[in-house]
Every structure is written in structure tokens, then in C-alpha cells.
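We call the chains A, B, C and D, going by the order they appear; numbering starts again at 1 in every chain.
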Amino acid sequence: MPRFEEKRETMSHNSFGHLFRVTTWGESHGPAIGCVIDGCPPGLPLTVERIQARLDQRRPGTSRFVTQRREPDKVQILSGVFEDDRSDGPRTTGTPISLMIENVDQRSKDYSSIRDRYRPGHADYTYEAKYGIRDYRGGGRSSARETASRVAAGAVAFTLLEAMCPQLTIEAALIGLGPHRIDPARTNWSTRHDNPFWCPDPVAAQEWEGVLDTIRKEGDSVGALIEVRASGVPVGLGAPIYGKMDADLAAALMSINAAKGVEIGAGFAMADGRGSDMVDTMHPGPDGPTFAPSGPDNINGGVLGGITTGQDLVARLAIKPTSSILKEVPSVTKDGDAVKVQTKGRHDPCVGIRGVPVAEAMMALVLADHLLRHRGQIGEGGL
Amino acid sequence: MPRFEEKRETMSHNSFGHLFRVTTWGESHGPAIGCVIDGCPPGLPLTVERIQARLDQRRPGTSRFVTQRREPDKVQILSGVFEDDRSDGPRTTGTPISLMIENVDQRSKDYSSIRDRYRPGHADYTYEAKYGIRDYRGGGRSSARETASRVAAGAVAFTLLEAMCPQLTIEAALIGLGPHRIDPARTNWSTRHDNPFWCPDPVAAQEWEGVLDTIRKEGDSVGALIEVRASGVPVGLGAPIYGKMDADLAAALMSINAAKGVEIGAGFAMADGRGSDMVDTMHPGPDGPTFAPSGPDNINGGVLGGITTGQDLVARLAIKPTSSILKEVPSVTKDGDAVKVQTKGRHDPCVGIRGVPVAEAMMALVLADHLLRHRGQIGEGGL
Amino acid sequence: MPRFEEKRETMSHNSFGHLFRVTTWGESHGPAIGCVIDGCPPGLPLTVERIQARLDQRRPGTSRFVTQRREPDKVQILSGVFEDDRSDGPRTTGTPISLMIENVDQRSKDYSSIRDRYRPGHADYTYEAKYGIRDYRGGGRSSARETASRVAAGAVAFTLLEAMCPQLTIEAALIGLGPHRIDPARTNWSTRHDNPFWCPDPVAAQEWEGVLDTIRKEGDSVGALIEVRASGVPVGLGAPIYGKMDADLAAALMSINAAKGVEIGAGFAMADGRGSDMVDTMHPGPDGPTFAPSGPDNINGGVLGGITTGQDLVARLAIKPTSSILKEVPSVTKDGDAVKVQTKGRHDPCVGIRGVPVAEAMMALVLADHLLRHRGQIGEGGL
Amino acid sequence: MPRFEEKRETMSHNSFGHLFRVTTWGESHGPAIGCVIDGCPPGLPLTVERIQARLDQRRPGTSRFVTQRREPDKVQILSGVFEDDRSDGPRTTGTPISLMIENVDQRSKDYSSIRDRYRPGHADYTYEAKYGIRDYRGGGRSSARETASRVAAGAVAFTLLEAMCPQLTIEAALIGLGPHRIDPARTNWSTRHDNPFWCPDPVAAQEWEGVLDTIRKEGDSVGALIEVRASGVPVGLGAPIYGKMDADLAAALMSINAAKGVEIGAGFAMADGRGSDMVDTMHPGPDGPTFAPSGPDNINGGVLGGITTGQDLVARLAIKPTSSILKEVPSVTKDGDAVKVQTKGRHDPCVGIRGVPVAEAMMALVLADHLLRHRGQIGEGGL
């Protein structure tokens, strides 16, 4: 084992947000995972049921298209809420909210197959290189299991957003499965709860079942494209220069496991266009300017100069195929020898599916933070 | 004028980086712009000439394809370096490095055309909505002129990188101008200094002259695609979870004016693929694992789990077309009336060109910060 | 209940430290309290027993001079350490260390006496004024129970210090109980474990038993003076200007419940003196300068310009008398009526006693943070 | 010269405050010093004259009791304010405010006497030990000249406080010169501007002239005691646990050059007392509770649980005697040889005098930051 001082990261990096600040902790196969939320305002109604409902959306085992691990992911609130006999229910007090999820599916299994070899596409090698030690059980801290803490914290952020900004909604959907895309003509976001993919196009959702069944049976995996959008966003959220709403969203979404690309509004298509086409025209409206609804609308994705315009805030996120596949992939052992790695087990054939509630949670965390940062009128009942 | 407490951003947001921390200041048409770099280690050789050389790459007026404003952008070092008669030249002392660039082309012109109307695609409306007051001269703080401070700070970061990690190089290039792309078969990055576009494909560079001349004469503008890559990157830079190298890069690049999308490695193409194809295989190498050099190489762009693998670090950035165009665009006045906005003046027909040295600077700032954060062996002469 | 957005603190404030960063959570009578330590290097040997041993020093009920509440304060490590069958024991992995202490003595008692009235000297009124809601059970978050989390985190910091800087020791002692002071001529710090006061003067410790018995029986309380010192401190820890070792220590110690004053080295006595007397003279030594050992030694308390000199680091801390006393004190109710408050229960007659291990923990946290911040040679086996 | 990576501070440490964030830069004998203020709200009236007026209070050469260096300390505003022909004067815009003071008294003198030897009581040795390089001219960054930037930034904080909280005032005074103290019976704070000491006791001020003349002529120096207090402070400023108002004040004041002790309210006297005596009793008042005005009033100094009570906020600060004295003091050279150091030049015989406006500035910075952090009603015209 290396001397501890030889290898490390100097900066603490398990917190997200500035004023609504979340610190997550826990390894995939340790006793528990959880988070601490510091900076949540007092007086918010907060129940364990609300958090649980969000967590259930991300839970393993909900369909044959996600991992079959059995993790009930039951959350506990350990601090930061208070209720007395005169209250109308538990409320936040402005003190840190500690949430914990016990790990129950940590089978005492044989890890010798991954202990000394690096799974390609995973963080095994880089963690080992950086820290000289790693908890290899289920990927330890690098496991996507950490995103359960994000969803739990996101549920608190949603509660804040509902109270401060009731008209605001955030929704994510799977708009691409591998090379397959939804058809905008058939898209209806309210249908995305009706299928196991969070797909807003019912026809595509039907087709994707067959596609993913095939991939799953082949022991392979596939990438995905997620869109996440917020409506009812107040004008003026976000800060110029290094606190831009779009830059913060990019970091938030890119920090999700397996994310490889982020775009805002028309995104990469903007690079191809002309200034005279790629413009959100402005028009007189009842409460300040409105933006042109026609053409490739909302070119800028609801942000100008890093600050929200009041249009929908739109981002898309590319998720790579799950790296854990049954097919053999060349790799090396810890000792530097060649080895073929084949990852058995209960893996997601398309990790992008369970990424949908995580993307929603990250956008909620970014908006909650910026809503607390911003001071100004945001319309009726607002700030 | 609104009461100051009614509208504001609570969080300071003009600093970038954690340990190598840069704070920029200054408006486009104020007396000066500049930055303070806090956290630069002592003992580094640092001359004003080195910083000036980087600034000159971003300077206006270097070709007919960039703005013709006359800004010599001469930088001064006001603190943080010291030389005595026994020194071999000025060296950093570990104290804050203050850099200043005086604004000389701030013509006392008539701003009445932009004072009370919002230029579409610009931050005029959002700044006004957020702050209730804005320095409208040349865009004030929202002007891309702020990126001169980034390039100056980036020059200090480059000096640090050269000293700590001499084998590391960072290069950016314009790989797309509007819908036109470079041809990989003709690409030679060493040629990118030979044309006004930072284009690594000499044939494309030749063709783009005609393309951009036409657009410029039409009073229109065009988007661009920038690639920025670092070679010789040590293994182990970056931190898991919320301090991921790719998430930090995404935020850094997305914070550049006009950026609308960022991808790492194969990026959005990853969403379309299968796990069995989209993999960087690992093989025994002389100093730890090597990654497969064939096929669509470096799928992951040099990062796994947020930590560098030792492969090239590769990112691409979509830049929207300059919003300032001669063509009339519908907009509104401050009072809410409809107006047609036409932006005369000396604007960049493709702001992506001058974005190339800015992208390099941002990657240098990210790597300098992570290099200072990381503790571990990075090979010969390293940390 | 007020609308949540009307009253709050914007900034998260439950974290301490920059690189060795501790976030504490939990209320006195909630389900549990705990902390998350982010930034602890990997490879450190860390057992629950080591943390428990420190916690036991602060535990209630160890003598008749501290509160008789029955809190076993059993700590659990929920994340951040790993042991496999080839390890020599559990080691930190560089991921966040989550510690939890369940609250077992949260009697379901009647809180109506404190629910609607403000205890003078406590934070009841100010929490209510700031947040509009408070968990009044046992003081909630403002209870000194929070310091158990500090001691737990401090135990991890001690583990780090021992590994990185084995010659460094930190010890605190009670050097004053009310107006009574220790006699330097009788002082022997190794005896401070032999009495219930952490008093380094055995004769004074004997006398203080009678003093405190009297005060306790009168239902009154008394203030205290704590000295905390570190020996074997490397030269060069601490940062100039706003990161000064002495400023950080001052903030750390002043953040302890009931603290009202902090001094470094000769402290307030320095204000009275002349420059020609108040000086640590410097002399040639085997490993750099040594400082004069005679006279009122270590005038500067081991810090010059905010950076450690290698001398002992010495601070003293004034602790006010416990505000919870049996004597009646005029106060007001939540509704603004006059009331007499008398605090029954199991309170510390001198809260300074249990403050001693807390002061040690805070100095350990400050030094651990600065040790990780500093890069340089610190002598044998050092950085 | 050492390799730069061998010795350094990892963490940037030249910024103060969280939301009202000040970064200072500059060396005593470099081209200029200055600061950047990030987070100042927009719409504040801010003129260079207001800042200059505060700076003039700290300026050298105002009496024979302070240093005779000739530094006019003329400040320039380089960014962050805007005025157009419809404005009623320059206003802040919410962007960073850059202030610069050129150094004009940087005589090209011979520094060989301090280049290679360490002045006892100064930071010469510790800077050298930490960084391996130092700008020895006039103390470089460790010089108290840096506090001019604090006073300039403090002037902006005062402007903010006046606008947000017009009833709030902050005043500091010298209440002790060496062993001499003011007599409370003669004290009138409005007289402190009438003498060169900022002494609120006119009789003492008269006596101190003779005392300090003697010390000055002997080539010696003397310590001082400063009191700084804020009146009209809103209830509810400050944050629990690690963001306590008193802890932040302690850090702010202890970061001033030559500070060795800080106390809040009755401070160290609290350690000596009984709980039944050391209490601020509470009584019904017109706008919430009032606190007992009799006895040793304001025992807690206006803070309970780290949050302001609405009472005056009171702190005292011990300043050590100027270390630069004409008398010879034993020291060592850079090469480790014994040497006698005698500091000639134009030094302050009591550096505490010029510390008075600095203490005011630091309290203004702390209160401005906490005022921006706090959200709640603060009375008429308030938040």
C-alpha cells in the first residue's frame, strides 16, 4: 500500500452548489450512502415520502431494461426538519438536512475478478493511479449508485423550487436510444411516464423495447440522448462570466456518470448556421419581451450572457453505452499483464434510462442554487 | 434607477479556479480591464513578453476576418513578480499577480442607438433584467473583451504548466466554419498558425477565405467548431464526482462567450453507439497501461471517472454565429416598443476564430488548477 | 409559521476547513448527529476505536462536574474506509468519510417551558429572529452537542497529523476556573489526565473540586480559561493575509460554543509592552534559526506574518459561564411578555471543562487543513 | 533559487468575504497595490472621493506619531461603476470594482541590509521558509501597506451599509496605549477625531503625546488596544456553527498585521465570572426584546449563538508593539549566522494608531458580507 501522502487529490470535491450546497458520501457496497444539504431555507414542508417518490423513479429493478439489483433505496431524514404538535407537518429549519440510504444488496460475494484488473471504460485504473487504493466492490465511490444521493438531494431542491417558484417545472426524457431518435411529430412529454424508457414518443418507446431486448440478450449495451428542460423559469437567473447558468448546467450534467457531451438550445447545430438564421427575435409582450415562437425556436436555449431569458431552459446530454458488457474486452491487470475482461452481473443495458431522473435532479439543484443566489422580482408570489 | 437592493446576484462569480484562482474585472469601454491570479506558486520565471505573446494571438485587427477595432492590448504586471540583481530574471513570489490592460480604443461615440434597445442574441436584456442597470458601452462586462483577461491569465497558467509538466502541450484549432469541416486526411496541426483561421487543414483554410469574405460582405456572420486538445497529460489529474476533469472543462469552455455545446472524446457520437464498439481497450505498456490506438481512437477523450488516463485530453466546442450583424432583426426597446436592430460597427464575422486562443487559455487554466490540486508522481521531473 | 423565503441565511455555514473539509449536521434531540469529512488523503489507517477514544474524552457523565446526561456517543464509520483480506487494517480511500452518532438520550419530555420563551445567554431568541422557526428541544442545532461531531472529525485530523507529522502533538488544558488560575511553578501537563478538569496543576485541580462543588450546589455556573498548544509544528504552515494561521485559529476557537475571546502567544499582554521587550530574538540553530528560550518566551505564539516559525503554537480561549443556571433570570416570551427563566436539568456547571477536548479538536482541524495546504519540506519523513 | 514546486501555499488566500468578496494584491514597493471587489450590488452611488476620504484616515505622515513616509495613496476606480448623462452620478453596476493605488514612495534605495537577514518579529524568516523567495523591499506583501487596500475596500462596504442599513454606524478607537488606558468616565467617542491617536478620552490623548514622544525618541515602540463597535446592527446577522458573526470578526481582526488577541463583549473577563452575573437579561421592548442596560452591560457583545441580537456589536483587539525599532536585536542571516538587527527608517512608533481605520474597515467588510448573506426584515427601509 502506498504511503498516503504520495497520491491524493488536494481539493475536496464531493460538494455541489454554492448556496444550496449538497455533499454526497458513500460507496456502492459500503454500509450506506447519503448526503448533507446545507443552505436550504427554513420553513419548507419536507416529508420523507416526497424524497422517496423521486428515489423510486431511479430505483433498480423497475423493468427488464434496467439493472436487476435489489436495492429498495429507502431514505431516512436524520436532521434539519422539525415538527411539533402545533405544526402542520415537518418543516425545514435552515439547518443541514442529512439524508441516508442504507445499502442492503451488498452481497458478500467474490470480488477477486475485479480486484486486480481494470474494467475498460470504468474508473478502476484512474482511481488506482490517483489514490493508490480503491474500494473495488461494485465500483466503490465511482459507481453510479452515488447518483441516488443526487436524486434524494434533488427532491429537496424540487420542494424548494415549488415553494419559491410554483410555475417552474423540470422534465427530462430519453430522446435517443443508440442511433434511434424520437419523432417530434409524435412527441408528447406527458406520455414519458407510460413506458420504461422515459420516452416522450409512444411509438418510438414501443420500437425501443425490441431494440433493447436484442442488445440486452447479446450482452451488449447502447448509448442514449437525454433532453432536460425547465419551463416557467424566471428571467434573470444565472450570473455573468464564470457563474453562467449554461456553464453551471454543463458542469452539472457532465458530472453525471457516463456523460460525454452537453449542448444548450440548438447547441452544436449553432456552429453550422448563419447569424441571420440563428437568432431568437424579440417582440413586445405583456410582461417584458417575448421571443419568436417560430422556426427552430429557442435557439439560445433560454440563456443569454449566462442569464435566463424567461424562455424554456433546454439542454441535451449524450450518455455513452454502459461499459460493463458480457463481451470480452482487452485490458490489463494491476500488475500490468494482458487480460480479457468480461463483466457479468446485473447491469443496465442502457444506463441512459436511469440517467433521466438524475438529469432532472441535477437541473433542479442548479436552479435551486441560482434561485437562492438571485435577488429580484420573479413575478407573482416570487422572490 | 432601481433601489440597489432589489436586483442583484448574490454570489460573486468573476473568479475561475480553486487553487490557481483567477479573478477578472473590467468593462469593454472602461479605463482598463485585467485580472488577479491568486495561488500561482513561487519561483516561476514570468516576463511581460510571455504574456504579451499570448495576448497578441487574440488581438483585434490581425486579419480582415476579425474585428478591425484598434486595441494594442498591452499588458502590465503590477504585482507578484520580483527580480533583484542576483536573479536570472523576474520570478513569481507566490503572492497575487495583478495584470492590467488599458483600454485605448474607447471612442467617445454616440451610444444612443444601443442605450435603450436590446440587441437580440446579446446579454443586453438579461443584464438589464437582472441588475436594473448596465454599462451599455460596447456591451460593458458582457463583451468578449473580457476574454483578453482570460488569455493573459492563461499565459501565466502556460508558464506554470511548462515548468511543472514540460511534456504537456495544449493546442486548439478551428475545425469547422459554419457547415464546412476540415478533412482529417489533410489535417496537420502545425499548419494552423499559417492561416488567419487557426485551421489545421491548409486546403480548407484556403477555401474558407472565400466563404467568409462572402458572409462578411453580406453583413452576416457564421458559427464555428473548435477543437482543443492536450497531449502529454499526466495520469491522475481531476477529481471524482463534482470535480471531474471533463465537467470542469465543460464549464470552462461553456463560459466562453457564444459557446453553445461541449463534448469530450467522441462526445455526442457516443450516444449512438454500442458498448462493444465504444471502448478504449487497454494493453500492457512500458509505464502502465496503454490504450488502443486504432479505430475511432480515444473514445473517452482521455478521461475516465473524471480522472485523466494519460491519453490526449480532447474537447470540442460549438460557437454560435456572432449576434451583431448588419441585417435588421426584430427586437424591443427598454420601454417595450417594437424596433428593428441593425448592428453597425467593426464586428467579427466569425467570433469563433478569436475564440481559439481563448479555448486554449481555458484549458490551460483548468489543467493548471488540477495540476496544483493533484499530488502524486507524474513521471520524470514531475510533481 | 413565516413564509420560508422571508427569513434565512443565504450562505451555507456548516463546513469547516478548505482542503480537509468537515461538514457537521444534526440537532441535539434529533435522531442522530454526525459529519462528513471531505479531503482526507487515502491510505491512512483509521479505525472506529481511535475516533471513539477521542469522543469518550468529551462524553457527558464522566464526573460530577459535567452534565449527567447519558449519551454513550457511539460513533459509526459509514464510508471512506476500506479493508480487504490483504490489508493490514481499514484505510482511508480518499473518498468522503461519513461519521454518525445516534442520539439515545432524547427523552420524550415536556418542552413547553422552553418552547415559547427565550433563555438568556442562549441562541433561542436569535435563531427565532433569524429563521422564524427553531427546533427548541435541547437547543437543537445551537446545542453544544454539535461539538461531538467536531471531536469525531478532529480524531480523523489527529490520525492525519500523526501520519504526516509524527513529531507534532496538540494538547489543551484548563488553566483557569473562574478567577482561579494555575500556578506555572506547579504545572505539569502530563498530569492533566489525572483530574476531572484537564488541569495541568495538580494542586489547583484539588482546590477546584471544592470551588466547583460549591458553585454547582448553588445552581450557578462559572467561566474558564483554556490553553491549547501544539509542539513539533513544522516551519511554514499558514498563509499570509487572509489565510493566516493565527486568524484561522482565532475563528476556529471562537466558533466553539460559549467562547468570548482568543489570544495568540502573549496575546493581550502584548498591547501593554514595548517593542524592545516584546520580541522573540533569533539565534543560529542546527536546522535554521532558533528563538530565545528565556524571559516571557514565545511572545508571538509561534506565528509571524500568519506563518508558523517552528516554535510551539500557543492560543488561549476564554469561555463564558454556562448560561443554563438554576437561578431565575429576567427574560421574555415569544409573545413579548416578561418572564423569569430558570433552567433545570442536567447542565455543566463549567462548560469550559468539556471544551478542552473540543479546543484540541479545533486546533487539529486547523493544522490538518494547513498541513494539506502547505507544500514543502518539513523535516524527516515529512511532506 | 529553489525549484518552484518545492515550496508553496496551495490555497489562494488573498480574498476576504463570501458574497461581498475582496481580493487584494500588491507589494509595498511594487508599482501599485489594489483590490477587486466582487459581489457588490448594483445601483449604489460610489465616488472616488468617498473612498479617498477613508484612505486619508490611514495615510502616512498625518502626525509625528505615525510613519513619515510620503505616500499620497491616491485611489483610482478602474471598473464596476457607470454614469451616463441621465444619471445622478456614478453608480455600481454589479460587476467587479477594481481599485488601484500607485506606489509613489518606492525610493530606489539600498536594500542590502535586509536582503539577507531576518528582522525579528517580522515575517521575513517565515516567508523565506515557506516560499523560498521573497520581495524584501519594505516587507513586500507582508508590509502593513496591504491594509490600504483593505481600507479602500472597506469604504465601498461602508457605502453599501449606509444604503442598506442607514442607522448602522461603525467606529473604532484607541483605548489603550501600552499600559495606559482611557478612563471611561472621561470618554466621549465624538472627540476621537480631535487627536492624533483616535483616542476617545481627551485627557488621555493629551497625556499620550508625551508618552509616545519619549518612546519615539528612544527608538522604541509600544503596543495598543483598539475597540471597534457597531451600533444600529439589525437582529439576525451572522450564521450558526462555522459562520458565526463573532468567529468571522475574530478572524477579520486577527488578520490585521500585528494583532495578537481578540475579544467580544466582556471577553476574557467572562472567564472569571459566574453565570448569575455574566448575563444580558432580556426585557419586553417595543420591537422585540431589549437587553439590560445596567451593570457590565452587553456582556455578550451583541452576539448570541453567532447571530446578532440588535445590541451594539463590540470587539477589542490587542496590537503588538511595532517590531521595527532602532534598538539592536539579536537575529540570524539567511546563511544562518548571528547578526544584530537595527531597523532604521520612518516607522510607526505605535502601529496601533493607524490600525484604527483598518479595524473599522474590517468590521465594515464583515458586516457587509453578513448583510448580503442575511435575508429577512431588518426594520424600516431594510432588507
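The working rule: contacts are C-beta pairs under 8 Å (C-beta built on N, C-alpha and C of every residue); 3 or more make two chains touch, one makes a residue touch a chain.
Which chain is which protein? Per UniProt: A, B, C, D = Chorismate synthase.
Please read all numbers here as calculations on a predicted model, not as lab measurements.
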Chain pair among C-D, B-D or A-C whose interface repeats that of A-B, sharing over half of the contact pairs by residue number: C-D
Identity of the chain that, by mean CA position, is farthest from chain B: C
Turn needed to bring chain C onto chain D - CA fit, degrees, nearest 5: 180
Centre-to-centre distance between chain D and chain C (centres being mean Cα positions), rounded to whole Å: 26
Distance from the mean Cα position of chain D to that of chain B, given in whole angstrom: 38
For chain A paired with chain D, centre-to-centre distance based on mean C-alpha positions, whole Å: 45
Residues within chain B bordering two or more other chains: 5-11, 13-15, 18-19, 24, 95, 130, 132, 141, 240, 372
Partner chain A, residues of chain C touching it in the complex: 1-15, 18-21, 23-27, 30-34, 36, 38-39, 41-44, 76, 78-80, 82, 84, 87-88, 91-98, 100, 111, 115, 130-135, 140-141, 163-164, 372, 383
Touch list for chain C against partner chain D, complex: 5-11, 13-16, 18-19, 24, 118, 120-123, 125-127, 129-130, 132, 141-142, 146, 176, 178-179, 215, 220-225, 235-236, 238-244, 246-248, 250-255, 259-268, 270-276, 278-285, 288-289, 292, 299-301, 303-309, 318-325, 327, 329-332, 336-338, 352, 372-377
